[in-house]
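Once you scroll down, you'll see the structures, which are given as structure tokens.
Below are two complexes that have subunit A in common, paired first with subunit B and then with subunit C.
Here is the complex of A and B:
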């Protein structure tokens, strides 16, 4: 493969660096925690990551479309507050589904508000979504002033318990792999999201999102409905925020009016870690989802490597910074090498 | 060079075989979700000191695994899960949410891990709370403020993190006292997020927008900021403000008294050493002490209350100042109170604790001449 082809391959598969990083951090983690791949341990980890995994997927779509959404955390808080208000331990199955549907609609409505402001009123995405985040956070506080609430036990169990699989029951080798016999529910959710993405990735609509994010004017002149596409990305982000809130609520079993607030910046860091650049038009959701797992595993590493208490926050931040700088550093060094070679060539 | 390496290897081998042969050893996890406060720093430090002391006392091995980062509820759940994955025997947690950690904690107790929530009470099944009665704690200073105001006037409240269990308990205590003083009106209530700078900001805003503040009720961490805001405003009739039991505050207090003998405030000790107290209880339980179910109380029926150490007022400021050498102390030091190992045994058995069972600091002898003993405090709060 020649260099130009290789570069194009990298650009099209922007998640490759994230994948490499993920393998590295998981191995570092595993070197200190030999029970990492036990189903129960894996389950404990991944079910904590899942809300942010979903959130980052939504954030990635907005960023690919040329925007950014600083209100995702507040939308999670709002939806979390609504879920524990509408669902109590006595709520029946049908009503639970109704509540989840309503919450998904609320998330999409919140995204619609963002989308209208950004796409049609032409307000700056950063400022707009920062402002709307206070609306959503304020609503969350009004709905649930004090943390509390409780979900039905069956609902939290569904989220927390491993799913036993009999399908591979008698196939040799496979039956000895524990994780194929007991699957964390979060894996199934992640698989569904990724499959859906792979399915829609080549559709015209998703291509429009990339085009709108890459060069809005050019996209507009070629007849792509840029405004509607932008609006759509925010609505999708609102829906993903609602789903993240559902995962968070099932994970914690309770609600808090500020539960999602800290997730906003993490979701953006994860998107960038995943190889999607903030200027839009490029990237994908798989990388963003890996980015979340990387962030989580870094925290595990800090724990298992006995980083002294007083420097845990510092080490956490430094590792993330290095990870973020990684692709840039690689590019910088390879440029240096090339320039050096070129000069060498001229001298000879 | 090679020789040195060999020696090093030998020492390491010896050290490891030493660990392996130790007869009794416990791994204790600590989960702290808030690093931005000196109070929490002292809490973690006291746990480390207490662990070293207990090791010596019982001749056992204690491995501390400390998870301490600024994080949200999910992050603290991850902290607890990591501790579980490391196979700890007990977890000391300062819970950052009233209900959000319950499922993670219940999973731990299901696996036979002893979980002790310190500082803040939670209702997780199987967990044991080792805390001071935060509600009573708040009532002491609120009661004091109400008396100082002669039972009437306008006050503002600066509270901590909304939703953190301790803040909720305290505000409930404040409201209980206020119910007895109908002529005291709350004209402002805002969160200072247990942070000195934020406390100062909130108080400045209050002073700018409200002209008739007679009193200020606030909590530890923020009182110093509120006091600075009041002093900066240089008012003719500054409001009476509740203080805190941190060295820097006591130092300011002492200086102010020299200029203005009428100045009055109160600092009720909220001991950061509660984490160390929790560790002592955990060790006793691990070593087989039987928990007396009758000793449990609190809103969830799973709490062992450690006595509130004492309150500093103008009456005893001088004594405390001298006894604890506050003039020389680092400003960040908070007056403390940790139960002794003997105290932990008594607490678990449901026996009454005396003055002797609480030390002002780990490893330091009982300070003589402190006339604000536990018993007095207990009587005071039970008469409320």
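Here is the complex of A and C:
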């Protein structure tokens, strides 16, 4: 009974494997780099991960809803190109906010296009979003033919600087942990996204996304507006892509029409690493976020070992493959043990 | 009060007419049985009433007003809901999440989990005693047995406080105690003013629960009769044009000298607790009992699909299969109960499905002409009604699809045939053909192990019936003892007996 309960707990908390993996890779990284937990080092790492963290969160929502979005990278490129076109070092504060809002709307419009094609025209998500990714990539190239542009220094500084907090100033032990005195802004973003998710997880909308992704027909006969929900997941993904582009632009300080292209597949790998199955209806964005950090840390570790540059991609890919196979391997092995026990009893 | 009246509904899918003239009248406090062979349009008619599909012609009157439901949601708002045969549950979600999906109790814009779970528990209590106590609101649906899923499905419909409920084959996977409970509940709901449409293939159930019966044949309304003034034979007559009702199979006992095909001793799995029996060539051995007492595990273990302890001898030779492939090589065939999930590749053609277990026989590259000829012979023998061998399996009706599942094994000429509730949801006519197929196989010397949740089948067809309870064989009925009374009392009586077995008293010895 207890074992059944434990198994149910594992199944309901799909990110547990990711959490375990995260601890392992962080420890390995720490053994090679003992200043890993210094605020400035941590800040640099998290800052680099943040765009993909946001992107993977959006991707997770689409995948949970039973789709997939192969255009997220191109949407990032498009929004990145728009941001550096609309914002120059001379742009006033109010206009910057306006530009960011417009970019968010562009992202959502791009998502709307995907959503209409998939949910209402019933096109295959993989092919559709692959096709639209060329539209977005083409627009990015038209808007910003070659890398360039520059953000105001204040914006990039805001992104890089550690935020000093004094909230725990009076509590002796906590006060001595450096990272609690100087918090990277990226941390705060991640915390806000996770808190928001924890809040919306218990709303009808999110419940519907899971239901539509798990068994669309059952959801439909239950009276759930499956098409609108599907459409919604792509719009959310578009919005998250725009936010990822904002983080990326603030991190780089400039723009490139191909800046997001490599992020699409990473976002999917991160979602799967985080325990979300590609067939939908299960998983969560916390796991996807951990998946991104795992990916990033694995790449960190590789850079600390003397892996020749040209075989880095190979090693990287092999480690990711093993990590992806993890949950399946665990299940396979426990199945073998169960079989062995039952049949071993016969032999004895 | 609610009255619903469907008049001359027509539904066409492309060139195929699924419903030619659908009529249905039902009102508060009434249970109407909707009857018809598979493919007669019952499901289509139900789906129109619940807004899942839109009719091409005809009209729907709700409380005298002409209405049309654009989606299930609209129908539900009007108080009309259905318990589906094709289950409409979301597997990864819990029982309570499924029941309240789309009408969750809300608090401050968020789902009120506590209220949701309390209400779910109250609903589960309706079936208390017929479902395991381990079933709690937070159990995920993928962990449930088919009968438990069906009950969750029923509770889901009821949770919406509907005025009209359609039960579409809702009893097909329930055991008799669950059916009895459901009928008590239906009578209560009926008294509270609910209107109920009850779709079923089981005649005895219709006579137990329905007030009137509406019969469809080939998509058209044949007539509506008062159940109290109608006999079973008359109803069947209305359903199957001209043909007479199925005659009971004359039982000819197998010669005791027939060689033993299968010898099982002390078979144990997670669900089975030591099962032993023998099966002779040409014998049709039934397995009965309440649902989920280990019958499926028994068949799956023999077929090598799940691990087990114990000894199996096939034709005198000891075997221990650890994969279905090994069983197939020894001429064992298995016809699964859940034909959609376990038995068929739904979008592949009938030919592909029939060939699948025998692909090895047809060499490399496949000798398609031979495969086609043999598949054609088998489907002719089984009288599969199809447009061609190349039509996808999901274009067939339930009964015909089940014939394909059996046909694909017959191509291999099995010596031992394992049947896991093969006629579930199959119409009367197709059942009759299936029964004569079984008796042909027996005459050819095939040993058949036949689990059925339909007591009538076991009584009508089997030489011997093993009644299972809680992973054990609680009774073996043979010859004249194969009676309804014995079968029911063995499956139910064993349950009473089980409560106080002599050996188990040490657990609950009252402190005297």
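Things worth noting here:
Just so we're on the same page, the second predicted complex is superposed on the first by the 341 of 348 C-alpha atoms of A that agree within 3 Å, B and C clash if a C-alpha of one lies under 4 Å from a C-alpha of the other, contacts with A are read in each partner's own complex, and residues count from 1 in each chain.
Methods note: a contact is a pair of C-beta atoms (placed from the backbone, for glycine too) under 8 Å apart; a residue touches a chain by one contact, two chains touch by 3 or more.
Nothing here was measured: the structure is a model prediction, and the numbers come from that model.
If you put the two complexes together on subunit A, you find that subunit B and subunit C both fit without a clash.
Taking the C-alpha centre of subunit A as the vertex, the lines to the centres of subunit B and subunit C open to an angle of 130 degrees, rounded to the nearest 10. When the shared chain is aligned, no partner comes close enough to touch A:101: not subunit B, not subunit C. By the touch criterion defined above, A:252 reaches subunit B but does not reach subunit C. Taking subunit A as the reference, the larger set of touched residues comes from B, when subunit B and subunit C are compared. Contacts of A:311 after superposition: neither subunit B nor subunit C is touched.
Looking at the shared chain after the overlay, A:202 reaches subunit C, while subunit B stays out of its contact range.
Of the two partner chains, neither subunit B nor subunit C is touched by A:334. Of the two partner chains placed by superposition, only subunit B is touched by A:148; subunit C is not. Using the contact criterion defined above for the overlaid structures, shared-chain residue A:261 touches subunit B, although it does not reach subunit C. In the superposition on chain A, contact of A:35 is made with subunit B only, not with subunit C.
Superposition on chain A places subunit B within reach of subunit C only down to 37 Å, the least C-alpha distance between them. Within the complex formed with subunit A, the residues of subunit C that make contact are 50, 52, 71-73, 76, 82, 84, 86-93, 97, 101-102, 104, 106, 109-111, 113, 134, 139-140, 143, 156, 269, 307-310, 320, 322. By the touch criterion given at the top, residues 33, 35, 41, 44-45, 48, 51-52, 145-150, 156, 160, 248, 251-254, 256-259, 261-263, 296, 299-300, 302-304, 306, 309, 312-313, 316 of subunit A touch subunit B in their complex.
The touching residues of subunit B, when paired with subunit A in their complex, are 35, 44, 65-75, 77-79, 81-82, 84-86, 97-103, 107, 162-163, 168.
Across the complex, subunit C is touched by residues 1, 8, 11-12, 199, 202-204, 207-208, 210-211, 214-215, 217-225, 281-282, 338-339, 342-343, 345-346 of subunit A.
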